[in-house]
Structure formats: C-alpha cells, structure tokens
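For clarity, chains are labelled A, B and C in written order, and residue numbers in each chain start from 1.
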Amino acid sequence: MTAVPLDRPATTRRGDSVFKGLATAAAVMILVALAGVGIFLTLEGVPALSAESGALGGKDNIVLYVWPLIYGTLLAAALAILMAAPLSIGLALVISHYAPRRLSKPIGYVIDLLAAVPSVVYGLWGIEFLGPRLGQAYGWLAENLGFLPFFEGPASGSGRTILTAGVVLAVMALPIITAICREIFSQTPVLHQEAALALGATRWEMIRLTVFPYGRSGMISAVMLGMGRALGETMAVAMVLSATGVVTINLISSVNPSTIAANIALGFPEASGIKVNVLIFSGLVLFLITFVVNFLGRLIAGRGQVKEGR
Amino acid sequence: MAKSIDVSDLDIYYGDFKAVEGVNMTIRAKSVTAFIGPSGCGKSTFLRSLNRMHEVIPGARVEGKVVVEGQDLYADHVDPVEVRRQIGMVFQRPNPFPTMSIYENVLAGNRLNARKMKKSEADDIVERSLKGANLWTEVKDRLGRPGMGLSGGQQQRLCIARAIAVQPQVLLMDEPCSALDPISTSAIEDLIHELKSEYTIVIVTHNMQQAARVSDETGFFNLKAAGQPGHLVEFNSTQKMFANPDNDSTEAYISGRFG
Amino acid sequence: MAATDQDVRPVTIPDAPLTRPQLPSWAPVLVAVVALAVAALPVVLLGWSLVAMVVLTVVIFVVALPVWSSSVEGPRKAKDRLASALVWSAFGLAMIPLVTLMWQVISNGVPVLSAEFFTYSMRNIVGEGGGIYHAIIGTVIVTAWAAIISVPIGVMAGVYLIEYGAGSRIARVVTFLVDVMTGIPSIVAGLFAYALFVLFFGPGVRMGIGGAVALSVLMIPIVVRSTEEMLKLVPDELREASYALGVPKWRTITKVVLPTAMAGIVTGVTLAVARVAGETAPLLIIAGDTDSVNFNAFAERMATLPVFIYYSYMQPGIPPEFGQERAWGAALVLIAIVMALNILARFISRRFTPKTGR
C-alpha cells in the first residue's frame, strides 16, 4: 500500500483561516463599535461647548445646563436603588431559600416577566396607576412629615414627582438585581449551609452566617448593575416625571429636577441645529456615568470571584 | 491497510514541564499493543502524541520522531488534521455527537469532512462499520434514533464504529472500558480481538488483566520519582511481561506490590 | 461548644430536653387574622382607605408575630420569624406592580382590539378609528434588521472568545467591553446611531435602519454572552472526538460545536429580540414616528409600536381619549409580543437542547 500523503490540503487550510478570520473580525467589530459610540458622541457633542444660552434653555454655559440634569439622574437612581436593593435581596431569598421547591421556579419566571415589560408600558402605568395613588400619599406626607425637607410640599396632586419616577425605576431595576442575587444565593455551597444548620442555627442565622458572606461581592455588583439600568432608563421617567429642571431635595412637589435621559427623549424629536449637539453632549455625560458605575460593578464582581476560588 | 509505528527518542512537554521522556518502541502492524502503568505516568499523553491529539491542549509539544510507514508525523508540512484522518482514536468516555442519529454518528467522519457520497455507499459504510463494531444487530432497526439513547457500552461501540468508518490505519484507544460495566467491557474486548485482523491497535488501560487478555505486546510506563517525567520502563511481548519480565519494577507493578 | 481533642470523655448531658416551647403551627394564621381585624377598625370607624388597611395589616403582622414568638420561643427564633415575615412581605410588595400593571394593560387594552386596529394605519385619521398596522410593520422590520446585524457578529464573537481567543489579551479586552456594552443606556445607543448617520445623510436624519443599528448595539452583547455560555457547556470530549476523526477545526465548530449549542443560542437570540422589541428611546431618536406604512428601512421615518404608544399617549390629539385608547391597545399588543417571545425562548431551550450526557 502506498503511503497516503500527510500534507495539508489547501482547501482545509483556507477553510480554517477564513473561519478564524471571520470570528476574529466579529470580535474586533465589537471593539470598533464601542470605540465608535465614544468617538461619534464626542464628535457631535463637542460643538455644544460653545453653545449660547439660547440653545441651553437660558443657561449661560453647558456646565450649568448639564449639572441639574446630572443631579436629577443621580437622585432618581439613588431613590430607586434605596427601594429596590432590599426588596430584591428579600425576593431573591424567597426564590433561593424560602419558597418551597415547587414554587420557586414559577416565582422566578414571574419576576423575569417584570423584566420583559417594555419601559414605555411602565410609563403608562406610572402615569395612570401609580402617580394618582402616590399623589394621595404625598398629600398625607406633606401634612404630617412636612418638617422634613424631603416632604416639604406642596404635594403634587398628579403624583408625577421625582419620587414616583424613583419608584418606577425601582420596579424596573428589581428584576435585574433579583436575578443576579438569586443566582449567587443558590450557589452558596450546600456544605456550608448544612454545617450552619448542624450547629443549631435557625434559617435566618444560617443565611446570615453562610449565604450573605458568600454572596457579598455578588450582591454589591448586582446593585451596581441595577443602578446602571436606573441611571440610563429613559422613557418611563420621561413620561412619569413632570420636570422643571430645578435642583431640589423636595421629593414630592410638582417642581422636579429632570434626568439626562428623559431630557434627551423629550427634547430630541423637536431639536435642531446646536440644540442637537447639546443633547448629544449630555448623552455623552450619561454614557460616562453609566460606564463608571458598570465598571465598578464588574470590578467588584470580578474581585469576588478571585476570592472565592475553589 | 494496517501500518506499523516507529517511535524514536520522543519527549513530550506541557509548556516547560517535561511529561514524557525518551520513548523508543516499534508498534507492529495488525497487533494489539497495550500500555500499562500508574496514573500520571504519561501513557495517555504518549498515546495522544501518536495522532497529534495532544496538540489540542495549549502549550503541548513534542520532540523526537514518530514514523508511520516511512512518514514522520512531526515533519514540516504535515497537517495534524490529515494525521488524525489516518490514525483514529476512541476515548475514555463514550462521546457520540448528541445532535446526530446513530446513522449520522457513524458517518460523521465522512460527512464532517464534506465527502460527497451516494446513499447506497453511505448505507454500506454504516452497515459495515456497525457490523465491524458488533453493534449492527442491536441497532439496525433504529438507525435514525439519537446516539445518546444507547447504553454506555453501546455508545462506546458506536464510537468505535465511527472511528473505523473512515478506515484508519491505526486505532488508538484511551482506556476505552474504564467507564463501562463488566459485561460491556467484555463485549469491547471481544471486539478488539476481531479488529486486530484489520487494524493496528494501541490501547491504554489501567486494568492489567485486560492488558493480559487483549494485547500481544505490552509497554510499561512509570515515573522515576514524583515530579519527574514518565518514561518507558519495559516493552516486551505480553506473555513475557506477565510471566517473566526483564525489569524488577515491572514485576513489582504487575504483581501488585506497588502502583 | 468548643470541644477540644483532649476532651474525649463521654459527655453525659444532664437531662437536656430536646423539646422547647414552640408556637403552634397555626400561630402565623392567627396573628394574620387578628392583624387584619385590628386594621379593619380604622377603615370602618375613621374611613381609611383599603390600601392603608393592607399596609397596617402587614405592619401589625410583622411586629406582633416576632413579639409573641420572643416571649414564648426566645429571641433567636423571634428573629428568624421576623426575617421570614419581612422576606415574604418583600415578595408581596414586588407582586403589586406586576399585577396592577397587567390588570391595567389588559382592562384598558382589550376593548380597543378589533380587526380594524390591526389592519389600518393612522394615515389621515383624526379622532376615532385607525390602527397600528404601520407600527407593527415597523417594529418587525427594525427588529429583523437588528437581528440580521447582531446575530452573525454576536455569535461569531462568542465563537472567537471560546474557541480561538481563550486567554489571549484581545479576548480579555473584548470580554470586558462586552460587559461595558451591556450597560450602555438605550438612549445613548440611539444618539450613537444618530451621530453616525448624520455623517452620511446630514442633520435631522430619520430612518428605520438607524433604529436597527441602535438596537444592535443593545443586542450584540446579549447574543455574545449567551453564545459564550452555551459554547462553554459543550463538552471538550465532543471537540476531541471530531478532531480524532480528522475533521479540521472550522468544520468541528460549524458541524459539531455550534449544532450542539444551537438550542441555547437560539434561546438567547430570542430573548435578545424580546428585549429590543420593546425599546423606545433609541427609536424615538433615530427612527422617528409617522402615520403611514413604510416598508423601506433605508428611507424616511418609520413608526414602531413603542414609539407609537409614546406619542399616542403623550400627544393624543383632540379629543384625547381616542389616542390614549390606541396607546393602551398597542401596549397590550406589544406586551403580548414580548411575552410570546419569552415563552418561545423557554420552549426552544426545553424542547431542543440535546442531552450531552452530563
């Protein structure tokens, strides 16, 4: 029998290098796209630096224009996280540890449904359902807790305040935080948990001794990612919030700070000329803020993973 | 079509770590050669170097020569893909392709290489390979069913059928029975006996009785010390190995005094 | 508790009882009923609202049960009961938005649905009538284009990360940037698409394909992630089996690895489509809104369901009720589409995932 050549046939080689080239190109494409986001936003945003007060809603320069928006964005996101974080952790515990096994999966699905609802529908819900009902509560708060600067009033009757926006954002961040937390909680080593129970710990003590320490970095990064979502969320805030662009810590009045994203959504369709550049510039600022928050979130999560090491 | 293999001065490295050192042997055509030895002595690594499968692991490389019928597998211009087409391999755990039926699994080697063939030709290959693997009577009525639906022993024989369907010259088996029950094991051993008439078979096994039962020649690998590379201690006919080995440590290992 | 090694004498526990005073199993029910009764008082006497009653019931329950438990079972058990009560209240609280939202959308949306609603656009409609045909078409076209752009890039990038790049510097950078991309606010994606298209078509550009580009920015990271996850699940043994048959790497990937991971990848893509189908902000910026049907993604404005909902509700015209009704109807349709895609994704993953023997 003659020896079969072991040389590489040209077709095989070509197939391999073409396919590898395609895969690499796709990966590089992602680099290019992300660089593109930064570059194009900067290109179109920079002219805003020389914008006159006419294009800046009466403000003298771009910094004075953007600052109240940054404040509003951070305030709304902070309110949202204050509400969403404890709720999500409780919810994740229900799914991972409290609910009977048969129920925990359906509960998980239901929470995922919350993530699937489009933001514009949350906007409708916020205006029609949540706003008016919270409006009544705001009246009560202004009457009874009006001495606190947050609840100074006068209360907004329609309830379309920054606090309501915060509640809507909390509902939207909830499924994200819950999903990550429940994933981490359910990964807690069973041995640790059984060890705690075998020492006579109650369920809550077991959770505090094993689940929380194990999942700490994961929980923090989950909250950061939820925060990222709340910072960038646009439509629900644009619809629910009746914004006037002030800087205030009064959470329940009809005079509210706006957020960057909502301000863009409301202004962009009618904007032209330099106003477009101003809005794009504010978008660039939002991009940087969410970038930093997400970066920190990933960093914390990454560090946690190293520490856990098997 | 079976071919002999000449190995000379073969060293195998993982990165900077030398895993196997200075192996010389001649594997005869149409015979069964078994490798035995303690865990981690490099016998599986050596087996993989015979069809360049070790290159799947990043950083693995080889120095020395492996010559199959006059062709050095590690010469320049030799394509590992082409080498593997001619030297087939069966693994420790049965690994049929889960997306394919029994029929498609047997043809995988041909189909995945985009070889065009007629339906009748394909049917012939499937029947011949499954018969060759002693699986035909068990599966001939359900060729369209998924390969994962078979029992562990049947899956392993399906993998053997898949390997012989491309008509390799050599068949490498890496502990093919270690995941199987005794009955399936004996079926595979019978099969190895039959395949010997057509193929050169090299088998790694942890089971010394198995080596004694199926092989014509046996190589014993060992470590000089922990952390040192593995090496070939003795290579002899199986009969001699198990009755009267040349080397003391071989005798110690085979009689169960260490390892 | 700290028994040392020396301490090997058999320990005789003097009469340590294994039982302890415990609340009966019906205790939580009893407390709940009492809390409800107490909370009902101000509703009857002072005219408080039902919402206040529910809140009060929960508060009384969360306080009363641990207090009772503390006096009978001791503080540790009481804390445990408090934690359980709080955790379950968190669950109840989270259900409120979902239930009320669904109820609102369904009760407001169902009466609007009719054959006309699905088959008419808003062209030349003032006041009553008209429909969402143009918006459905727009959503389908824009989302389809987004999928056409993102699926090849996303899947191939995932293949690169798992099969080729593993451990290399470029792979680490890409992995990190995919994470960053996941966090891009949707409106920023819209601005990016606008800034990109302005270069070619001048200021004020609006077209469907721009929306698709913006949605791709949001979709690609999801597709990459799920592809990566699924490729990781493919056992190396299958790759080895294929290599051992003399199959080149690219054929191994396309014929063995990808088919094995296919169900998972399709599931991920479906979920990604569901996610972007509901996006409003980027489309508001770059696709705009129109009353007419537009089949051409490369010219003119293109209406989509989310943007339609937004404008119908916020600028309903005069009189406002017809526009707002259409907004609810469209919201119901949009939610139905998104939910259907989610259910489809679960179905695909359950039905078609091959067993790989793990």
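Convention: a contact is a pair of C-beta atoms (placed from the backbone, for glycine too) under 8 Å apart; a residue touches a chain by one contact, two chains touch by 3 or more.
This is a predicted model, so every value here is computed, not measured.
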| item | value |
| --- | --- |
| Nearest-to-centre chain - CA centroid comparison | C |
| Most distant chain from subunit A by Cα centroid | B |
| Intercentroid distance (Cα basis), subunit C paired with subunit B, Å | 49 |
| Where subunit A and subunit B are represented by their mean Cα positions, the distance between them in whole Å | 54 |
| Averaged-CA centre spacing for the pair subunit C and subunit A, given as whole angstrom | 12 |
| Contacts with two or more other chains, residues of subunit C listed in rising order | 248-249, 251 |
| Multi-partner residues of subunit A (at least 2 other chains) | 12 |
| Residue numbers of subunit B (touch at least two other chains) | 81-83, 86 |
| Residues of subunit B defined as touching subunit C within the complex | 51, 53, 56, 58, 81-86, 88-89, 91, 93, 95-99, 108-109, 111-114, 146, 148, 159, 162-163, 166 |
| Subunit C-touching residues of subunit A, taken from the complex the two chains share | 12, 15-16, 18-20, 22-31, 33-34, 36-37, 40-41, 43-44, 86-87, 89-91, 93-94, 98, 107, 110-114, 116-125, 127-130, 133, 136, 171, 174, 178, 199, 202-205, 207, 225, 228-229, 231-235, 239, 261, 264-265, 268-269, 272-273, 276, 279-280, 283, 286-287, 290-291, 293-295, 297-298 |
| Residues of subunit C defined as touching subunit B within the complex | 166-167, 235-249, 251-252, 255-256, 259-260, 262, 354-357 |
| Residues of subunit C defined as touching subunit A within the complex | 1, 49, 51, 76-77, 79-80, 82-84, 86-91, 93-95, 97-98, 100-101, 104-105, 108, 152-157, 159-161, 163-165, 170-171, 173-174, 176-189, 191-192, 194-196, 198-199, 203-204, 217, 220, 224, 248-251, 253-254, 274-275, 277-281, 284-285, 288-289, 306, 309-310, 313-314, 327-328, 331, 334-335, 338-339, 342 |
